[in-house]
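Think of it as A, B and C in the order they're written, each chain with its own count starting at 1.
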Amino acid sequence: MRASLMVTCLGDALFPEVGESVVTVLRNLGVSVDFPAGQTCCGQPAFNSGYVDDARRSARAFIDAFEGSEHVVSISGSCVAMVRHHYPGLFPEGRDHARAEALAARTWEFSQFLSDVLGVESLPVTYRAAVTMHHSCHTMRMLGVREGPERLLGMVDGLDYRPLARAQDCCGFGGTFAVKMAAISAEMVERKAAHVQKTGAEVLVGLDMSCLMNIGGRLRRRGARVAVKHLAQVLADGWRIDGGAGR
Amino acid sequence: MDRERFIGTITARLGRRPRAEAPPVPRRDAGAAAEAPDREALVRRFCERLAEVSGTAVAVADRAEAQAAVERLAAERGYQGLDCPAALRWPGIEPLCSGDPRAADFGLSEARRAIAETGTVVLWHDAAVPRAASLVPPAAGVFVPASTVVPRLGDITARLAAVARPDLPACITLMSGPSRSMDIGYVSCMGVHGPGEVIVWVIADE
Amino acid sequence: MTANAERERFDAQVAKALGDRRLQDWLEDFQRLGQEAHVEAMGELDDKEAWRDALSELRAHTVANLDRYVDEFTANVEANGGRVFFAGDAAEAREYVLDVARGIPTKRVVKSKSMVTEEIELNGALEAAGMEVVETDLGAFIVQLTGEDPYHIIAPALHLTLEQVRDLFSRESGEDLPAEPDVLAAWARRRLREKFMTAELGISGGNFGIASTGTVVLVTNEGNGRMSTTLPGTHVAVMGVERLLPDWEGLDTALTLLTRAGTSQRISTYISAISGPRRDGDRDGPDELHVVLLDNGRSRILGTKYEPVLKCIRCGACLDHCPVYGCIGGHAYSRVYSGPIGAVITPLLEGLDAHAELPYASSLCGACVDACPARVPLTELLLALRADAVQSGLEQQSWRAGMRGYAELTARPAVWDAAVRVAGALAQPLAPGGVLRSAPGLLDKWTASRDLKTPVRRSFRRRWRESGGRVDDGRGS
């Protein structure tokens, strides 16, 4: 099986280690992974702010970049939601529409790829830490990813899972909302960070780097000693190689 | 604005000509008809559900028992006046019937039907069932024949759908327990405007 | 209000809400309790998704055939002995109600809560004509006394504490009342009883209008709706024109979901189905029934991409689930409709230019869409409003330029690569720990409350290129 990594704009510039972890895990699971260099940004920031023409510009380039991909696996669920739910509407007719639909049908959020495409039932991963998880809104509501990630975490040895209260509540990122409605966003992320700290977890895990960047930024400002990691990082860091002890 | 122009604006905005034939109304697929629960189960459920909304449900064998209960209640509580329509009265409470809901301690009504799922009585406000009796006095009583209890709201609306417009009364009230509000500090309180107490006697042999 | 003044009002109300710690804690509690109760009430339905589909299809059908249903509803209200007035806008509606009131004549009006009457600013018009207008719904009565707009479409006084209501009622009554809900409610009942008994006119809204029999349906819990539409000699019901249902079977679908979704009740305490004024022989009921069907911008929504918003049955579930409402409360959204439905309907009825900030007061999390019993696609509608705002030139030039510049960048991978490299290089001296605690310009809006992650020295694409794709340390294939 072949997969192309969708590293996302944030992943490329701010969180390259997350892309590295996704590649590591996929290769460990026997998937051959490539990286189409033509990818930049899916256009979600523009689209969500009402800049449809600008979003279309980014989207066309994005569709071109992944033309030859068998599967596309993204480090962030919200970008997948953009491709699946909004790309076909951006190109309502003709060949562009067909290409948009075809890309939508083969683009996956990381945990969803593991659960639904690879059908992962066990993981040789050890990760000894108290861990909680934030369920990103787009990933949960638009992609229907609900129990999958927790099932995957349940396969990890030594992991002490602490359910997050109000896990379904938005973290307050919302793209440009975080800046346009900064005071409201701040209150929302403060509530989320407080819930995270209440779990006593040492690690906050998520599926979307925009959420993790947001919550992580608030946790840090609060002086919280909570590491913020993408699910792929937990799996990659804890992967038991050649009978090794994992993490 | 006149009717033609008002409706014409809507038609124009819908981007078409007025329709001669109405398209069919989409219907909810109610699934396979559930086996009708027996009368006892319906009455039991009605009583449970009414209690859950702070009403009082009393199952009685016959109308005489219900009437005796009302007389006992009036005596125990020292009621001065009852609002009870003529069609419902019996000799035992005749002396108390004031005919003025505003002065009454208790109002009595006859329900046409009741709904088990929600603890609801259906009051068909024709000349025999004035609205005020179940509204103005601080406490309200209702007589319900057990045979009229149906499982859920849809059973009532289906029956009402079969009634021709001219045969409907000016008002039908579906009442489920006492008046309530959460508007003061989000704490539940009863009897804000309507009756703070609702007692329903379900009459078994009717 | 001008667009700038409206934005200032919005910002001020948001700041006020966010600065009120008690309110923040209360809104959080209210939503948590409300959401748990909503799940339980909806969960009792045998197949809640099928019910929601049914309501969505029924309401969409009704709206798509609204001309026919208005015609049918009107004919039947009139056949029942009622009158229907067609109000093109708020002014026409006010004028008609004033005419009816004067014709009685009216000294005192009792009102059952109606958001539509808030929308048309009816109370002020009646009061200016020298009439006493008494809100009788407890929550509406409270905010009438405080002079505020409603805070929530179902619970107008949601923002006030028990102590505040105690103070309010004590001032109003001249008595020293205790902070006990039952005692306060009892005082309100005594005060309002006299109003019901003496009012010449009762005004209500209408939750639904059944076209097949010309029946106005009122859904209430307190009994003031029944009192206002039974005791006075004249009843005026004001309804949004879109609030119709084809028939009684549709009423089952609508009522089953309305209270389960909105107030987590199986059913409201009272449902009144009113088919005309009193009949000969009825002991009580009004002698006259007038139904005012209000357009006021609703027909402009028909035939557009916004038409689905007219499916709304005003249950309030979206407010109870919205995290933004849960922070900013109801007053930030402008006079009448708050929460996600308010953010969509207010710009549509009053003009996007007058409320350009409302569609952006959302993180598009979709909790409202999950909660809405009629499947109103609220996040899609907010996105459409944002696109319209940009098209209409309502967005600031700096944002437009920024978005255009960014789009150009994304279309040119080589330039993107270079830009990321430059950003990474610049970030090193500015943010040695990879994090900024304060940043210039727009980014300070972030750093005011959060640390900001900065671009790394070696981007992912650079690492991929330099390692020949072996970013997994060569462990994999």
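Assume a residue touches a chain if its C-beta (ideal position, glycine included) is under 8 Å from a C-beta of that chain, and two chains touch if they have at least 3 such contacts.
Quick caveat, the model's predicted, so the values are computed rather than measured.
Chain contact topology: the protein chains form an open path, each linked only to its neighbours in the line.
Here the chain at the heart of the structure, going by C-alpha means, is C.
Remark: chain A and chain B have CA centroids separated by 53 Å (rounded to whole angstrom). Chain geometry summary: the mean Cα position of chain B and that of chain C are 30 Å apart. For the pair chain A and chain C, the distance between C-alpha centroids works out to 32 Å.
Of all residues in chain C, only 14-15, 18, 24, 28, 32, 323-324, 327-328, 359-367, 369-370, 383, 385-391, 395, 399-400, 403-404, 406-411, 413, 416, 420, 423-424, 435, 437, 442-443, 445-446, 448-456, 458-461, 463-465, 469, 471-473, 475-477 touch chain A in the complex they form. Interface residues of chain B, counted against chain C in their complex, comprise 1-3, 5-11, 13-15, 18-19, 22-23, 25-29, 31, 49, 53, 85, 102, 115, 117-118, 120, 125-127, 130-132, 135-136, 153-154, 157-158, 160-161, 163, 165-166, 168-195. Taken in their complex, chain C has these residues touching chain B: 30, 46-47, 50-51, 54, 57-58, 61, 64-68, 70-71, 74, 76, 79-80, 84, 86-88, 92, 136-139, 142, 155-158, 160-163, 165, 181-182, 184-186, 188-189, 192-193, 196-197, 212-215, 221-224, 226-227, 229-231, 241, 246-253, 255-256, 266-279, 281-285, 293, 295, 299-300, 302-303.
Across the complex, chain A meets chain C through its residues 7, 9, 11-16, 19-20, 23-24, 26-28, 30, 32-35, 37-41, 43, 45-55, 57-58, 60-62, 65, 137-138, 141-142, 166, 168-170, 172-191, 213-214, 216-218, 220-221, 236, 241.
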